[in-house]
Structure formats: structure tokens, C-alpha cells
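Listed below are the structures to be examined.
Two complexes are shown next, each including chain A; its partner changes from chain B in the first to chain C in the second.
Moving on to the complex of A and B:
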């Protein structure tokens, strides 16, 4: 490069890639368009704060699960057991509180402690014995499902302390139940750690190339253990929220949150920081999908359409994101 | 003459216009009376009625073996029935064995093979396994001399599988009618209803048909505003959100009918979040304990229950009649009983599966079987 070229380059500055900027905010734009569309179709019932406050609250456990998943995904591990961990946590609260009269605060501590234990259990097999995370967490899902059935006698447990219900959905700020703010706090904390701390950077390096990270002096194993424990703990907190929303604990339904949470994590990786799992994107994706389901249901469209919407939105968004990036290789999937 | 016809037509129209509201009101009043009468049967303590002629059940059951295959052993309702059938079997000399499974058809097939190899006399498909799903096994069992029977599965209106030896259906249509009459009475004949169903489950069809027909007959001013159809596998992820959305878009809804009571755990949070808990009435069916507890705390208003022990006695009675060549009852001889805030305390606190129904059936069956 000649001196003249250098001067010219400095004068024009780096080329702005408008396509990349559009890609970063495309999902949010589509979300806003979706809201606008439903609001025009149903100006009274859809476009009111009450509707949004309910939407924000009821998808909070799903948002927590999506946040839980992206931590090990960023470090290059899968955690397929988050739905089962959520179920273990909510059922522990049900059994201990409703059946054995253990105070609710102690139940919550035990449930989160169970999350730590589950994370350590996964770490032992994934990091120490070097078994693929897919196999271990698939196996532990089945293991936990069985334990939950034994623990609950396969029954739904009602009668959970009203204090938990009040702390989760009873109290409201700006009309929105507290549970949404808990998910919001989790998202902000994770966003800060992911984007503004060395810890977040190290996690990303571990996911992008373990050997390179190790050669750079990063303790890869510790990072992976931390990610697996964080995932299980966040899923456990999701279980506490789930028990608070339902006011009961049932041994089956939490498992169904796994696929929507994964869908949101992958859909979220197409926005804000495309090509990377990120907390803001995951939460935006959860509420984008939630908005679609709520609007379609309000319009009286059969519920199978919502599955088509979820799956279609995921595949379409990831495909468009890839095309925008010229089909470059990503770390996702 | 032309004027006369014109005048008389106008007079008739006027008379009709004046009389029509009165007739409509009369029809609604009649409907309300009918609904109250029909509902009263289910609010009184269940009474035992003999399902058939007396017979010596011990002589019939001596040395016989029955394999009960539930839809899934993880279902506490079915597990409870089979556990009680074992006790009844023990009393009469019938060996009752459960084929433990996790709801997988391949496991049901293994159960049939086991029954044929072990020379069982009866295979009881209890509540949920459609004989159509295991048709080759039903044929193999029948060919091997093992009688295959179903219980607590078909509605009386269904045509049972041709290879089934006998069937003890339960009145899902009747349950739909009870729910409709409850809505009629408890909304003063003006209910705006959201009904939550799972149409892929066969009993849903007669249940909803009964609900709609009874509502049409007894509650002309009631209206099903929305039907929410959610597959069983998606109850946890879809019911709450759907009910919330429907309540937001149709604020006139004042009754929700989750037709199977385990749906209620997702309906109640939806009511809580939309601020309609206690304002929108909830009526349901199955008598599951945690839902009876919801009645205690005012989240649910009514639940139609059945006694598991009574089902166990009635199932053993019906199957033994078939085994010994006697006439099999048209349906499972178990009454439905309505729990609401007035009598839910009878079910225990926390509620139990088998509490609150009385024990009239035990003496009744023992007398019928010559075991007094």
C-alpha cells in the first residue's frame, strides 16, 4: 500500500456493512412488525399493556431456560437436561414444601443446591471422563425423569406456599409480574459477563477452539465445569419460577420446555450478535415466538399452526442469517 | 279480502313477536329446571346399584389369573385402580398381576406375549390402550384362549373391537352432560364458555358431544365462545398461554371447562395472571386429588370424581361375569360424584384419591357375590 492509498483509506474510514447492521436487528424488526400486525388486527384485545404484561410473565421460565442453554453452548457443550433440571427443581419444592412442610426459603435453597449438584454430576462425566455432553445430558434427563416420578409418585403436587406464588406472579411492577424482572436481571447479568468481562471472553475462546484456548493459558476444564454448573443452576431457578407460576409441581410438563428453549437459543444467535449465542438475542427470540403464539391464539387459529410458526421461524431466520453472511462457517451447530 | 289477509298476517307477526320472548324465557326456565333435576343425582352420596344377577364369584375366580395392562404405570389413577384390584382379587381367589410399563406400545406387546406364555385367563386393557393399537396381539391372545377385555376406556356409544371378549365402558357422554348442566345452573343459564379439550384422545369426542347437546337442550342462552384443542403432550407448554390469550380476546368468558382435570394446573395460573381467578368459574372431570385441593383454595369450583376402589370392584365384577359366561353389564357400574366447596372437605386435606365417596359399594358387591 502506497502512502497515497493509506491517506485515502484513512479519509474514507472502514466500510460500513449495512447488511450486517440490518442482520443484527432484523429479528427485532420482524418482532415489531408482528406486534404491529396483530395490533392492527386486534386493536383492543392484543394492543394493550395487560396482554403484554401477561406475555412477559408467562414466558419468563422459557427465557431462563434459553439463557441456561447458551452458557454451555458458548463453551462448546450441549445441555439437553435443562427441562429435566427445571422439573427436578419445581418438584423438589412441591414435595418438600407441600408434603413435608419445609419452609419455602429452605426449599428454594435446596432446589438451587440440587442444580449445583446436577452441574457437578454432568461435569464429572463430560469433563473428567470425557464423554460427549450430548450423551451425558440425554442420559441424565432420563435419570432425573425417573427420580422425579419416584419422588412425586407420578402425581402433580398442589398446595405450594402462597408466599412463592406472590413473589413470582402475585406482586407486580408497572403491571408486570415480578417473574419477568427476575428473567430480565438474569439476562442483564449474563450479558454483562459475556460481553464485558474476561470471563465471558474466555468462555467464548473455549467454545471456539479448546486447544487454542488451552495453549493460551485458559483453564479449559474449569471453564466447562463452570458453564455446566451455571446452566443447571439457571435451569433450577427456572424451576423455582415455574413452581411459583403454576402454584403446583408436576413431574412431566417441564420436559416439554427443552425444544422451545433450544429453538430460542438458536434463533437468538441470529440477532444482536449474529453467529454467536447471546443472552439478549435468546430473550428476544423467546418473546418473539411467544408473541406469535399469543397473537395466533387470539385470532382463533388452531394450535398446530403455532408449531409450524415456531419451526418455520427458526429455520427461516437461521437460513436468512447464513445467506446474509455469505454462507460462512459458524460455531453454531 | 286482500286487506283481511294482510291484516291477519300482521296480527300474527305481532302476536308472535309478543309471545316469542315469553316462549324463549319459558324454554330457558324449563331447561334450568331440567338441569337442576339432572344435576341433583350427582350431588347426593353415591348409592350402590347391582350391575347384574348375584353370583358366586369365588367359585368363578378360583385358580384364575388376570393380567392388567394399564396405559402407563406412571399414571397414579390407573396404578391406584390396579392396586385395589389386586386386593379385591386376593379376597375372591383371583390372581391379579400388573404389567408395569411406561406407556410404550412395544411394552404392551410384551405384556400380551407374557400373558399367553404364562397361561393367564384374562388380559384387562385398562383405561387408554386401544385394542386397535395391539390388534395382532389381541388376535393371538384370543386364539390362545386368553380372553381380552377392556375397562374404563370406551364410551357406551363406541363399537368395541370385534375380537374383544367384553368391554366395560364408562359414560363420557354422561360426564359432558353433567358439566353442561352444572354450567347452566351456576351461570343462571347465561354462561359464556371456553372449553379446553384434547381431541386426539378418543373419549373427548363423546364427552364434548354430550356437553354440547345438553347445553343446547337446557341452556339456550349459553354460548361456547371458544374451544381450545391442545394435544396431551403439549398441555404444559400450550394450555396456559392459550387460555390467557383467549381470556384477553374474549373478556365475556365466565366459565372454563378443562375437560380432564389435570389440565387445571395450567388453567389456574392463566386465571391468576389475567386477574380472573375467582371470577371465571372452572368445572372439570376426574377427581384428581390436587385438583380437589384447588377447590379448597377457591381456584376451581367443581370436579366430577369416581372412586378408584369402586372402579376396582366393578371391573373385577364385570370381568368375572364374562369369564364365567354370565351377562356382562352395559357399562362400568361406578357412579359419578360432584365435589364442590360444600363437600370437598370429605375428600381429605390434602385430598386423597379414594376418599369422600362412602363405602356403600363394598357391602353391595359382597352381598352380590355371596361373600357376606
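Moving on to the complex of A and C:
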């Protein structure tokens, strides 16, 4: 019995490893192929550093949202409201700074404080009253969107303090605006927490087996609250960045980031560390999707294709991630 | 003479080397309530599964229903045609639907016409319930019903199913009740029996499965007892005594010790003194756990023995009670949480491996070292490499196969997964290890390894509580066994008396014993 086991594992072992390594980097490979494809089609307009630097900067808020989402997702909760949270944050900055002349630093602190409040609000219903997170955050999305419309009179607010704009997109490193590096810093911090601290492992157990986590002495409720607050805070930081990129506060367009961010979170869970939501994968996936949309737009495809692309990518990403995860459990033994 | 409703002839079932059923023959006559008794491992559950069409029996067996041959294994379509129905312990009701919907589910689902005539369905449901003397409002949701009414509803539904079948064939049907009573209060059991008697009056047969001999004596006409996969006896209930039945179940004469047992003994120095522990159906009870002692807890299903480990660990919350550890103030058990328990160096290995013990989609080493994960966090980094190394070492010690810590836990067989989870707690060298059915679904070789590890740990001073229904296993590892009935400790078996037979015997005597504890006067009256 053990003899055959050994033989079997010896025979399948290395083959699985190759597949594993390929799987880890498959998305990056596809991304490179996509870039190559668009570059061949548009050697001048697409394949230049200026284009990439815009791409990197403009998708930085989406990257932050994808990073925000994977925290509660790992803990087993959905946060659909990150797009609305981003909008609340950027509009708070617009309204307070441009209309009420509140100093920009104070505005940023208030915007992030609003993120903490939103996270606590979600926790109250999701963790304390045990309402499904999907319902709560879907509801709060509409709730926040309404508040933003009231706050801004449904208008775009210009005239945000130049200091913020300078800090976000004013300076460049290697030709890429700072905002991209802020997103990278967030990714590295989160990567560190997810992969190199006990906290990250506990979060994983909370998401995969609540009862197992509880019986191993993990404070499940506290972890979930922490994850929901983190998600809202990271999303509101995304809002600060968004206000800086636009130089104004737009009450509507922030919601458009939600779908690509979700698609990226799930697509990211099929790469780098397949089967787990992981920050590196999420950011790679954001830029993969961003590249696709940018390239298609430059090819002159009509606007509606963007929606089709985002929606299709989300469904496909979740499907692939599900297949990866399903295989994790059943296939190996 | 009318043929028996159900005739089983020479039914055998083997699982690889073990023969779970060995030439079992049973006749169930029309209008008979037929009891089926036997310990865990007697083949009782296998027989039920053969009847339910879940297992195909070995060749050579025969089944007749109302005198006609039926080919085995049974197909789902056979049950309705023949007029056979099962009520399993979980009852098979949909809790979020109403009584009416549950009762008429099959008819509604099978109705060919598009529209449901709710008024007609309601009238039909009402009429049905009334016919059986069951008074439940048909618009109530099933989860609002008491446990008794839920059981009654499930049984009524089962009888309705066979009644329709037997109207077509003109022959009596058969209902199998699998342990319907352990969670019911006494009055509830009476109601249930009234219902069974009504059904018997209709001419149908009932197979009644229970651990509770008193109940079997009360309701059945005839009893078949299984032991080690064979029929160890068949007897008319009116000729049987309690002692006779226990004798058939455990295979030897019942010898009752004359003097009442003291519940607390002080053979080993006490590690934990538990006083007044209560909650989840356990009335206040006192338990002392010795240092280095392996203390078994057992009883019939529903007796509450399996609640104790969870209450002590804070996994389910207790209503009251305290636990005193050496050199410390007594702690309130109601304030216990798993986190606190782990801090006190307690460990709990739950019986439900997939839901409560480990996460199948996460790797072996992470599952194994979860409670100790802080230890592998140094200089600001969690070291996967040293975790895997430690997990590999433990994997060798506990003979996990394949010993590849990077695999997900779900890739292992049940027994190997259990080794991983036992290693998780044993490596912490807990002061108190709480186990619930530690060897469920574990092969014999692994079982021996686990037992060896437990005994070794106990000899080094670990106190172990093991809740199990497996008398053989308890006899093998325990220094002392507490037997529960209706949440109370009714017997304590110590030292040389700890044997499979003594434990089984105490379990079957336990209901009687608890009656003596709860109503001492009443039982004295009946004795005099």
C-alpha cells in the first residue's frame, strides 16, 4: 500500500510542479502577449512609455480598490461598496476643500476617518446583526451614492488644493506619476501582512473555516470587523488619490472602478499564489485588464465594449478562480 | 396464513475483510411493531442502509415484500410502489416551509397540472393530521414547531406515503423509525407511541429502532437483536424482561453491583475539579479529572455525554459551573472561550473534522501549526520554511501519509487528516486534552497509533477526556468511564471494571438508573 503510494507520488510529483509554476505566471505571460499584440497593431501610439505611464497612473485607484476588496474576501465577506466609498472620500475632499476651505491635510484625515466610519457601519450589520455582507454593502453603495449626490448637488467640484494634485501626479519617478508607487507601497504592505505575518494566516482561516478558526482561539468577529474597516479605509485612500488625479471631485465616475477591481481580485487569485486572494496577483490583474481596455479604446472600439469587457472579465475571472480552488481540494491526493 | 409484510432471508454485507452483516433473517408481520436493537457496530446501521437501498447486500440474500420477491438493492422508485417509508433521525423536513408544504410536498411536486389549489391542499392536510390525532396548525413553519410535533409530522408524512401505496396494492405497508425518540421529552414519547399504535391499527407494520430498552418494551410486539452482524435473538416482547434484552444485546448475563457508586474518586491527584457544570441539557454536574488520567464519557444518543468537552473548552457556552485547576482560583465555565481555554493550555479535537477541526483547502502545515503560528514569526517574518520543516517532523512522528506538508489537508484520507489534527494539539502538550470521537472514520492501524500516543501523553501527566459511543475504544484507553443518561452521570466505571461489556451494560441500564435518581420515590413505589 505504502509502496504504491510512494511510486504514485514520485510519478506525479514533478509534473504537478511544472504545472504549478506555469500556473503562477500564466497571467503575467498572457499580459505580456497582450502588450505584444497591441504593440504590433499600434507600434507608435501604444508602444511608448508615455502611454504606459498614463496607464499605470490612471489605474492606480483601481489597484487600491482591488487591494481593498481582497481583505474582506479573504475573511469570507464581500465588500461591494468600495467604489462608493472611494467616491464619498474624493467628494468629501472636494466639498470640504473647494467649498468650505478646509485645509487639504485636514480634508484627507476626514476622508480616511469617513472610511473608518463606513467600515464600522458595515461591521455593525454584517458581524453584529449577521446580515449577509452582499446585502449590506449593496445597500450601502446606494446609500452612499445618494449622500454624495446631496453633498455635491450632483455636480463635479473643481478647484481642489494644488498641493494634493502635485503630491499625487505632480512628480514622476521613471516617468511614472507618484500615485502608481503609492499603490505599489500599499501592495507591498498588504503582501507582507498576508504572506509574512500570523495575522494574514489567521485571516485566511477565518474566511475558509469560521468554526475552525474560532476553536483555534482566533477572535473571528474582531478579524472580520478589522477586515471590513481595512477595506473601507484603503478604498477611501483610493478616493484621495482619485481626487488628486482628477484635480476635482466627480460624484459618478468612481463607481466604474468597482467591476474591474472585483474582476482583478478574482483573476488575481488565479496567479502568483493560485487559490488564494493575493495582493500581487490582484495588482497584476488590474493592470492586465487596464491594458486590455486601453488597447481596445486606442483601436477605436466603441464605448460600450468597455462595459462588455469588464463584465465578461469578472464572470470569467470568478469562474477561473473557482476552477483553480476546486482543483486545490480534490485533485492532488 | 398471511405472508409477512417484510421477509429478509440470509442478508449479508461485507466491507473488504469485515463482515458487517452475516446471514440476517427477519420477518415483520402485518400490523406488527417490530423492535430492532443492537450496539454500535452490531450491524444495525448497515441493515438499515441495505433496506434503504444505500448498500447492495452480498449475493445469496433474499427479500420478500407481502410475499413477493423484490430484487436487491432497492431502487428509489421501489419504496413508493411497495409502500415502504423511512423516518430517519434528522426527520427529513424542510424547516423553513410550513407544515402544509412539508406534508404535501410530494403530491405538490408530482402534480401534473400547473395550478396548486391551496384551499384543497389545506383541507387535505388538515384532514390527514386529524385522522392521526395530531393537532398542529398547518400554516405553521416547521422550525416553529416543538421537537415532538416535528417528529409527529415526519411520521404522519411517512405513513401517508405508505397508505397511498397500500391503497393501490391493497396490501399493508411498512414504516421504519430510526431512533425517533432520544431528543424528545417523556410526554412527547407518549404522543409518538399513540401515533404508532394508531398506525398499527390500520394494519401497517413498523420497524422501531431505539437504544432505549424501556421504550422498546413499551411499544413493540416483537424484537430482533443484532450482535456482531448476526441475529442474536428474536423474542416476543411480552415474554421479555429488561434483563433478558440487555443480555441479548451484550451477549452475557447482566450482573448489577449492589452498592451505589460514588461519583468522585481520588485515585490520581486531581487536575481539574469541575463543580456545577450545566448547560445544553446538562443539569448541574460535578466531575473531577485526575492528572494523567484518561477519562471516558459515554451514554446513549442524546444523553449529553458528548457536550462536556465542548462546554469545558468554551466552544459552546455553559449556563454555569466552575473549574478549578491546581494553584489557581476556580474559573467560571460560562465565561470560557476557546481563546481562554487555549491560554489555559486546554485542547479540543471536535468530532466534526471537516466543519470544526481543519480546513481542507488550506495546506497541511498551516492547519497543523495554526494555534502555534506566533512561534514561527521572528524578525518580522513568518517562516514558511521552518513551519514546513516542523510539520514534516510531526508528520513523520505521527506517520502522516503522504508526508508532504505543502499539500492541502483535503488531499489526505480521513485517518491521515485526523493524525495531522491530533499532532496539532499533542505537540503543544496540553494540560487537558478534550476529544470527541477521536477515531471516527479512522482505520484500525491509525487507531492503534493514536491510542499509543494518547497513553504515552497521559503517562507523562496529560489529562485526557474522551467522549465516545464506542465502548471498545473506551475500554482500551480509559482509566475511568462516566456513563450519562438524560444529561446526568449515572454510573462511574473504574479500574479493572472498565471493559467493553461493562460499559455497554451501563449504557443500557442507564435510563433506568437515571429514573431512580430523578424520581427516587416513584421507583421505590413500583419496587414495593
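As a working rule, the second predicted complex is superposed on the first by the 286 of 333 C-alpha atoms of A that agree within 3 Å, B and C clash if a C-alpha of one lies under 4 Å from a C-alpha of the other, contacts with A are read in each partner's own complex, and residues count from 1 in each chain.
In the analysis below, contacts are C-beta pairs under 8 Å (C-beta built on N, C-alpha and C of every residue); 3 or more make two chains touch, one makes a residue touch a chain.
Computed from a predicted model, the values in this text were never measured in an experiment.
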In the superposed arrangement, does A:201 touch chain B (first), chain C (second), both or neither?
second
Just checking: does A:275 make contact with chain B only, chain C only, both, or neither of them? Give me first, second, both or neither.
second
Quick one: name whichever of chain B and chain C touches more residues of chain A.
B
I'd like to know which partner A:302 touches here: chain B for first, chain C for second, both or neither.
first
Contacts of A:214 with chain B and chain C, given as first, second, both or neither
second
Of the two partner chains, chain B (first) and chain C (second), which one does A:158 touch, if any: first, second, both, or neither?
first
First (chain B), second (chain C), both or neither touched by A:294:
first
Based on the superposed arrangement, let me know which partner A:256 touches: chain B (first), chain C (second), both, or neither?
first
Could you say whether A:264 touches chain B, chain C, both of them, or neither, answering first, second, both or neither?
neither
Those residues of chain A which chain B touches in one complex and chain C touches in the other
none
Okay, in this complex, where on chain C does chain A touch?
313, 315, 338-339, 341-343, 348, 350, 355-362, 366, 370-371, 373-374, 376-377, 380-382, 401-402, 404, 407-408, 410-413
Chain B contact footprint on chain A (complex, rising order):
42, 45-46, 48, 50-51, 54-55, 57-59, 98, 149, 153-159, 165, 169, 177, 245-248, 250, 252-257, 260, 290, 293-295, 297-298, 300, 302-303, 306
For chain A, which residues are in contact with chain C within the complex?
2, 5, 9, 195-198, 200-202, 204-205, 208-209, 211-212, 214-219, 275, 325, 328-330, 332-333
Enumerate the contact residues on chain B facing chain A in the complex.
74-76, 79, 226, 228-231, 233-238, 240-242, 244-246, 248-251, 262, 265-266, 268-270, 272-275, 288-291, 293-294, 297, 299, 350
